[in-house]
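Labels run A, B and C following the written order; every chain starts at residue 1.
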Amino acid sequence: MTETIELALKTLEAQLNQPLETALEACARCGLCAESCHYYRAEPKVKHIPAFRAERLRSVYRYEHDFLSRLFPVWTGAKKLDEPTLASLTEIAFSQCTLCRRCTVNCPLGVDTPLMMRAIRAVTTASGTAPEILVMLADAAIEKGKDPSFFKDMFLEQIAEMEEQLRDITGDPTATIPVEKQGAKILYVPLAGAHTILPPAAVFNVAKEDWTLSIFEAANYGVFLADVNRAKQVAKRIVDEANRLGVKEIVIAECGHAYASYRWDVPNWFAGQFDFKVRSLIEVLADYIRDGKIKVDPTAIPEGVTYHDSCNLARNGGLIEEPRYVLKNVVRDFREMTPNRDQAICCGGGGGLVALAEYAERRIAAGKPKAEQIKQTGARIVVAACENCRLQIGDLNERYKLNVQITAITDLVVRAMRLPKPLPGHEAERLFEGEEAAVVRE
Amino acid sequence: MVFFQLLALAGFLAGLYGIYIRYAQTKARAFPADKSPLKGNPSHGIAYAFTKGMMPWAKESTRLHMIAYLRGIGFHIGIFTAIGALIISPFWTLLPSLLSLTLGWALTLGAILGAAGGLMRIVEHNLRGLSIPDDHFAVWLVTVWMAVSAAAVWDEAWMAAYYILSAITMAYVPLGKIRHCLYFFFSRVFFGKFFGRRAVYPHPDVAK
Amino acid sequence: MSDAKLSLDFKGLLCPMPVVKLAQAIKQIQVGEILEAIATDPGVMADIPAWTRSTGHELVSLDKREDKTFKFVVKRLK
């Protein structure tokens, strides 16, 4: 047995807890999960049935743990783990499953296939066969946490520039983007880039929120690797920042995996050091609208708008009605995709797949069912509250000629707030239905 | 006959013990406690998982494969009936004839549905691709056992064969795929806890 | 005149794509050679230095330009 295989089996063994063993044992191979998977819907082949994929790990597990399988491996399809099997497991877990859990909610037994795919990801990460880029991205994030000084000055310089833009947009010369504000109520954690900073900053300023911007980004590639050690190190940067500043809550940008991990996993990883609430920006927006802290014009957006439920936000995160509440308050013509909510079809960009260039073709092909869903709504704007979903739907837009605009919820909220100036990149939208004239009159 | 009854009892106890071993083994594994603040209610999630969540109309998959799902449900009801029948088998002669007739037909129906499942595994492309030898063996073993159970309910001449087959079937339960009967309960509990905590299930009724 | 072996255009790409593309591109040059790229996402100002630090390549320069784009030069070290 090579060192890689030994390490892989050791990692599998270490993960074998009650939920994982249950997932490995419960499947009756009834095949009902087939159509729940967007890979199968895009290409109806046996290899795309979730149960078939999971069976690749089960065969290894059985060889190690099942009495009958050790005696008669052929009887149960048991297989000794070797290098080619490990390579094929890696490919399955990183390129043929987005961890969306749609198969789980459609399984009569509730088999958690993504849990098994995560187990494979953890095994391959530990044994050094996981996709290099995900490891690099996680390590780069950890590096930023070790010594923020190498980018902090540049970051602050950019924030100062963004502040100028913000004042221009809101028409408020006192509008600010506070960074490292001690004792602020909210620590807002964006993604890298201005597009997840400026729109929420506009909202926070209008709502007169006591907030501060994190110097780190919410994305956590350790989560995609199912490498709890790396994921913890990435999350620790924000937990430490929140503790240092003494904030009451962490608000996560519109990002699926970041919300799901900070809301549902991080409190467990840092039990005892985690004394703040975690909310998604969407929940904050819903509260602002409900409490009248921001005024939105429900007629501001005349185009047909549809909403894509990110799997990490909806099925795996429980954020199902909040985004709809916000959207119904800011758009005139809201159209649901079918199916939606807990049964929403994955766009194909989850699980870190958007970052894996080597599987791009497969990813875009598997996004076809989502593209068809979007087409059926006839909507002109597709809203997704997750960066990976937006990137994927952007690719689908191009490939399947959807001719839609892809945007985040906050961008639409800002548009409906009818601020003096539009957000960068949204200038053209002011021209719809005489909006520009309306702004001038006001 | 007592010998065959004891043989069946031995098989039954062996199966039960095997399942207990499996249960104890899984329970001995770690269970990651979830300390994340609740949004929904895990207990409600568990209740949903075993009730509304099992209804044929609750999921896209079962709506899409309604007949296959109902076949499966019928097959499993047949199996549990057969287990009940085995436990009371020494007292079959005391059953009123109508009940005995009903039991026989219920077991026959279970066997028919089992055979349909067994054939589907051979004929249907996806199912054939998914199946391992154990799957084929398990479904036919249980099907034949149910058929022989029905025969034995109606005709005593089948009793010896029935007890032998019962012993084999019961003893096989923890060894192969049939042990998913135990993990079904684990799985639905974990499912309910996970989605209940997140308020995904049960989800407030809204127009979809 | 730049002596970069490879010039890349990352304009319009959002995080993490500039790092993803850079990680792919670095394999196309030899150890000791350099590549340059232009991006529009300000996230690169933190992400590219973090990537070079964690992978052991050299960030020769990273500048914000007049046209609000970011230019960075990276040398492959291993």
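Of note:
As a working rule, contacts are C-beta pairs under 8 Å (C-beta built on N, C-alpha and C of every residue); 3 or more make two chains touch, one makes a residue touch a chain.
On a predicted model such as this, the values are computed, not experimentally measured, just so you know.
Because contacts link the chains only in sequence, without closing, their graph is best described as a line. The pair with more inter-chain C-beta contacts, choosing from A-C and A-B, is A-B.
We define each chain's centre as the mean of its Cα atoms; on that basis chain B and chain C are separated by 59 Å. With centres taken as mean Cα positions, chain C sits 25 Å from chain A.
For the pair chain A and chain B, the distance between C-alpha centroids works out to 37 Å.
Looking at the complex, you find that chain A touches chain C at residues 132-133, 136-137, 139-144, 150-151, 154-155, 158, 191-195, 217, 219, 221, 355, 357, 387, 391. By the touch criterion given at the top, residues 26-27, 29-37, 39-40, 49, 53-54, 59-62, 64-65, 68-69, 72, 124-127, 129-135, 137, 175-177, 179-180, 182-184, 186-188, 190-192, 194-195, 197-201, 203-204, 206, 208 of chain B touch chain A in their complex.
Of all residues in chain C, only 14-17, 19-21, 23-24, 41-47, 49-51, 53-55, 62 touch chain A in the complex they form.
Within the complex, the chain A residues that touch chain B are 16-19, 21-23, 25-36, 46, 49, 51-52, 55, 67-68, 74-77, 104-112, 263-265, 267-268, 271, 277-278, 314-318, 320-321, 336, 338-343.
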